[in-house]
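Two complexes follow with chain A in common, the first pairing it with chain B and the second with chain C.
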Partner chain A sequence: MIQHFPVLAIMTLFLASFLVVLFGSRNKIVRGIITMVASTIPLVLMICLIKPIMIEGQVISYWLGNWEPVNGWAIGIGIEVDALSLFFALIVTLTVFLSAFYSLKYMSRDDTLEKYYVLFLMLSGAVLGLVLTGDLFNLFIMIEILTFAAVALTAFRNNEDGPLEAAFKYLVVGSIGSSLTLTGVILLYSQLHTLNMAQISAMLQNGQNSTTVFAFALLLTGFSIKAFIVPVHPVAADAYTAAPTSASMALAGMVNKTGVYGIIRLLYIIFMTMGLSSVQNLIVTIGTVTMFLGVTMALNQHDFKRLLAFHSISQIGYVITAIGLGTALGLTGGLYHAMNHTLFKGMLFLCAGAVLYSAGTTNLDRLGGLAKKMPQTCAIFLIGAFSISGIPPFNGFVSKWLIYQATYERASQTGNFGFALVTVIAVVVSVMTLASFIKVSQSVFFGELPAEFSNVKEAPVSMRIPMWIMAILCILTGVLPAQVYQYLIRPAVNAVLSPVKYINVMMGNGYAEKFLSKVQAAPDKSVALAGYWQPESWLLLFVIVLAAVTVAALLGKKDRGVSSSSAEVTDGKYATFYSGEKNEFSRVGGSDLFWGLKYNLRHYFGFIGNIHSGVVNDYALWAVMIFAVYIVFAFIFLL
Partner chain B sequence: MQILWFLFYILIFPGFLFTTFAGLLLAGIDRKVLARMQRRIGPPITQPFYDFVKLMGKETIVPDAASRTAFLTAPVIGFVSLIVTAVVIPIGNFLAFRGIADVIVIIYLLTIPAVAIIIGGASSGSPFSGIGISREMVAIVSYELPLILVLLTVCKKAGMMLSGGMTFSLSDIVVYQFYNGTMVSHWAMIPAAIAFLMIIPGEVGTQPFDIAEAETEICEGTMAEYSGAPLALFELSHAVKMFVMTALFTSLFISGWTTGSIVLDTIIVLAICILVTIISMTLPHASAARLKVEWLFRYYWKIVSALALVSLILVWCGL
Partner chain C sequence: MMLLNYICCVFLIVLGLYTVIVKKNILKIVIGLGIIDYGVNILIISIGYNPGGTAPIFTPGEIKPGTFFVDPIPQALTLTSIVIGACVTAMALSIVIKIYKKYGTLDSTKIRRLNG
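Moving on to the complex of A and B:
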């Protein structure tokens, strides 16, 4: 029974996208019901798979049309779900569900909504198919559907300036990625005569030739473009900013995770090259550059959504860095951070959407003081901001803490001082992340309330529910790291580090051993931590001290408490101190902050500002450039 | 019985009461010594206690422009997380909660009071606070780089004796010093120790590094709209932070010894803390005027980071 679940989940989403356009183009309620049902079913199915796959350690394989392998050659399309696939599938289905829920109200002011939902469900189905499939060509098809659905969603609000331009950039760079992926698939097929990933993985162990090495570079470029790592990141910044917020959440929450998934699958399982220190150095370098460049670009932004978009890039940099270490601890940190990124970044995008919905703008220089008008959105935003900046006890802290340890452990193991510098950069990036979120909180939620926003209302309940769900998940994954590790992360890490089972389930027992005779002994999957983080002990301490402070405050309390003015009385005592300046001239806007930092690094900021020219030719050139780097790298180090 | 001991650790020693007392004492001594350096008589050492009690009794005013909840909770959160941090810092060889003392966690917990100041200042809605939080954030970015370099140095040095090659556990660091002598007795660690001494005033925010509160330029910045009990809590946090940072310095660089008696150990640790306070905070305060914002950043990222990096490289070379 359960082997049908993955294909049912994918089918539901694709089927619903056709049903929406057939039955939902007139009627809002029918459309909403189809969308919600279609986005709930995959989530439920994936949750049902947790027990057999994550806890019992099964791997589910499913041959479409029952085309099973003949004489040891996979001829049909196979779906294969191991713990890694399921881990990403859970992230994807959760994002789909919450984004659909949010969009019901958020998108209600737009027209031709059936088109939005067709594209959205297509995108969801493609992403889910991509992480669950076991067939390389099928994976390429999913990438194609995903790219074009994402491009169309980016351009959905094409009456504004921005979306069309962003979609065009995405289209150009995304197409480069897809074509390179297709070429890579073709080359592998021409050499190995199979498209099944498990079989390719086994057969590649017979040795690489120059064609497969070239295919490696092609596929790695394709997935890098999907993950939006430097230097193909500017497209992501434009697309996330221009897309409707519920789609931005889907793009940042799950579409760039497909790139991360692809890189893990490619490096650890299909090519099994992660043991080479040259590959580790390459991936860690790219990840570190990505996280640093992303956060410094974010510090410079004046738009809420664009700032979040650059943070998305930066956080993916953390994930890539951790994955590139090639250790069990690094993978743990990387996967944990990938999950956390989906939670907090999705939530922050939803907050930006709520601000856009209520106030009509996301310009940091115009907004201010919304905490009084939108207290719940402000609270959720602060949870998200603390999570992404890695403040304990929220979830970002756990994963970043794992990543610091993993990088420093790797530095100690290999004696490579560069990895120690990566730890330092990761910490500094984390502080800069905090800095730019302080900027957002000051210029959107705190500070003075401009007169034009005095009538702003709190976001509607149906938009706040998904935000609260994510906020609660952020806290839960922060205070229960042991459980998250036990039931979600560890099975996925084990699946990544033991590809033999992945191959055998698909191709029959003993198949992998025929090819993997000379393969390295099973890598160490145990995770030894160098420090301690027990959130429950810290929380207990915190609560006890908090109680003590409260008791002390209550004992010492006199009859006179905290005073603030009632609405009618205007008393100078309660006015803000302006030192004689007129208050309309003393506003501190978003771009006025962090002068000292910007002044000292002005040459660097000027430089990165200039290279992000906004010209699509440049960005296409960068995509080709990273491809060239990968080719040179692959031919020097892998052959 | 176990629970009673835990409560004793958390609330009395080395927790709430002791930390508060030690912090206010350090603040008092700092003021007294500063005054003597400037040829003034200065306030009595108990003055911070009087100030605190006086502020607690004053009226608390919440400005109209402020977001009330954040404005009132921020000081409490900041103070509480500071106390929680203090509980796990070893006094001599004594460590109340051995299993949870992790250096990276402590550093991140130490950012919570700074974030509390920022959120509190931002929620007050004053433009002076706006400038104040911007400067506070620049200060955090400035000192965090050398701070992490120093910590990685210490972790690497202490971890060399262990199997993994590194440790982030504070108790391991103390154990290392117990067997191998204090960290400052290894010459390769001296630049890192000096760098940490330079970080302390930045982290605590005393002159000449108090750009965020600069009362002569931006009217106390983040504190501009605070009054009464919340202000008292912020002042208390400031004093406690002095103790936490100096005690952290002590346990990272001059610990591992014990006299056998906790009381005697505590007195010696307090004496070292006073000495460190005078060297790292009072002396620069008495001798230098407030730095410009951009100078602060450059100072920490160039001079202090370079010192810390020298130590890190020396330790990596096995010295």
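Moving on to the complex of A and C:
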């Protein structure tokens, strides 16, 4: 009975996307009912799978058309759900449900809405299919449907400027990624004559040749582009900004998680290369650069949604860093943070959407004082801001604390100073995230209320319900980390670290043992062993880093040319908080809270602002560059 | 003969990537994406081809050990890939049309309102 659940969940979403356009093009109520039913069923089905998979430790396999393996060769398309797949499937279905709920009211001012829902449900089905499938070519098909739907959703409001441009960039970079993925899939097929991931995983243990190593580089590039890690991240920033907010939430909440899922599946299970320290160094380096560049770009932004988009990139950097450590603790932190990222980032995007819906703009230089008009949105925003900055007792703290510990543990294990540096960078990025959110709350919710927003009303109830659901989940996953770890994270980590069961369920018992020389035992780390709940020492660390950043920000104060003349002080240009040049002369806006910091680091901010040039050729070049880096890396270290 | 196929497909993929990176006209970028697709399709077909093999169409009793035929799976994959490529090209072109109407230009260096 339960083995039919995964395929039913995927089918429901795809079927509903066609039903919406057949029956829902005229009638708003029919459209809403089809969307809500179709987005609830997969969530319920996935929750039903928690007991057998997460608690009892089963792995569910399903052969489409009942084409089971013959003589140890997979010939059909298989769906295989282990704890890792189910973990991501739960994230995806929750996002789909909340995003659909929110969009009912949020999108009601747009027309041709049946097309929005067709694309949205198709995107959801593709993402769910991607995380549940056990077949490599099927995974490529899902990536293509996903890219296609995501690009079209980005361009949905094509009467405005940004969406078309963002969609085109996304399409170009995404297509390069998909083509490289397909090439990687077919090269693996040429060597192993199978497309089943479990079978490939087992057969690759006989040793790699140059073709499979090249395929590794191709697949890693494809998934990196899907996860939007540096240097292909500008596409994500554009797309999240330009898409309608309910779609931005889906993009930030689940589409980049498919990239994370793909990277985990590729590195840990298909190629099992995560034991090599060279691979760990590569992934951790990329993750660290991603989180640092993302947050510094976010400090530079003047648009609410674009700022959130860069924070989203930065948080994915944390996840990639953590999973790149290759340890059980690192994976725990990475998966926990991936889940938390979906919750708080989705919530923050919904807040931005509520502000856009009520006030009509997301420009940080124009907004202000909305806390009085939209108290609930403000409260939810603050919960999200505290969560993303890693303040106890919200969920971001738990996962970031695990990540700090994991990087530090790795540093003490290997004696590699670089991992300790990663810990420091992770804490600094966390501080900068908080700084950035202080700026947002100051420019959107507090401060002076401009006259043009005096008639702003609170967002409608049907938009606030999904926001509150996410806010409550943010707090619950923050205060009940032991339970979350027990029922969601630990099974997933075990599934990643012991792929034998994954292979055996798919290919028949004893198949994996024929190929795998050593069978890794599943680690059984308890929360107490990880020693994670020590808020006092964390707070001390936070204060030290905060002091360090403050000192760094104030160091160049003399150079700023503060005049002793009182006439110039009243000019406002050199005032403590609200200082700065007018917008038309400077990249740093006059209303910016962190003018001083930005002035001191103006060369850096100017540089990173300029390299995000907005020209599609540059972004394509960067995608090809990371591909070249992966090829060189793979041939040097893996062959 | 097969070597020529592989050289050709690598050449096409590299040419496509070069087009996407260097050409400033967004219409040419779309053409570049198409060229990458063709290169990948030739690669897939070449991998499935066995010189001298017959078409892989058999009834259940007909297939015996030693029957020599080309690999049918890559052909199925290619068909899927061609369909997807056509869809992507169609959507890219429709976006290009919209961009031209809005921006009045096809120059990628002028279509950069989202930057920084």
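Quick note on the criterion: the second predicted complex is superposed on the first by the 566 of 639 C-alpha atoms of A that agree within 3 Å, B and C clash if a C-alpha of one lies under 4 Å from a C-alpha of the other, contacts with A are read in each partner's own complex, and residues count from 1 in each chain.
One rule holds in what follows: a contact is a pair of C-beta atoms (placed from the backbone, for glycine too) under 8 Å apart; a residue touches a chain by one contact, two chains touch by 3 or more.
All of these numbers come straight from a predicted model, not from anything done at the bench.
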Once the structures are superposed on A, label A:638 by its partner contacts, choosing first (chain B), second (chain C), both or neither.
neither
Scan A:164 for contacts with chain B and chain C and give back first, second, both or neither.
second
First (chain B), second (chain C), both or neither touched by A:272
neither
Touching A:284, do we find chain B (first), chain C (second), both, or neither?
neither
Could you tell me if A:405 is touching chain B, chain C, both of them or neither one (first, second, both, neither)?
first
Chain touching more of chain A, residue-wise (chain B, chain C):
B
Looking at the overlay, does A:322 come into contact with chain B only (first), chain C only (second), both, or neither?
neither
I'd like to check the shared interface: which positions of chain A are touched by both chain B and chain C across the two complexes?
587
State the interface residues of chain A toward chain C in the complex, per the touch definition above.
137, 141, 144, 148, 151-152, 155, 158, 161-162, 164-168, 171-172, 175-176, 178-179, 182-183, 186-187, 189-190, 195, 237-238, 241-242, 300, 306, 587, 609-610, 612-617, 620-621, 624
For the chain C and chain A complex, residues of the former touching the latter:
13, 17, 20-24, 26, 29, 33, 36-37, 40, 43-44, 47, 73-74, 77, 80-81, 84, 87-88, 91-92, 95-96, 98-99, 102-103, 108-109, 111-116
Residues on chain A engaged by chain B in the complex (per definition of touch):
369, 371-372, 375, 378, 382, 386, 390-392, 397, 401, 404-405, 408-409, 411-413, 417, 420, 423-424, 427-428, 431-432, 434-435, 438-439, 441-442, 445-449, 528, 530-534, 537-538, 541-542, 544-546, 548-549, 553, 556, 558, 560-565, 573-579, 581, 583, 586-588, 592-597, 599-600
Chain B residues touching chain A in their complex are 7, 10-11, 15-16, 56-57, 59-65, 67-70, 72, 76, 79-81, 83-84, 87, 97, 99-105, 108-109, 111-112, 115, 118-119, 122-128, 130-131, 133-135, 137-138, 140-141, 144-145, 148-149, 152, 155-156, 159, 164-169, 211, 219, 224-225, 228-229, 292-294, 296-298, 301, 312-313, 316
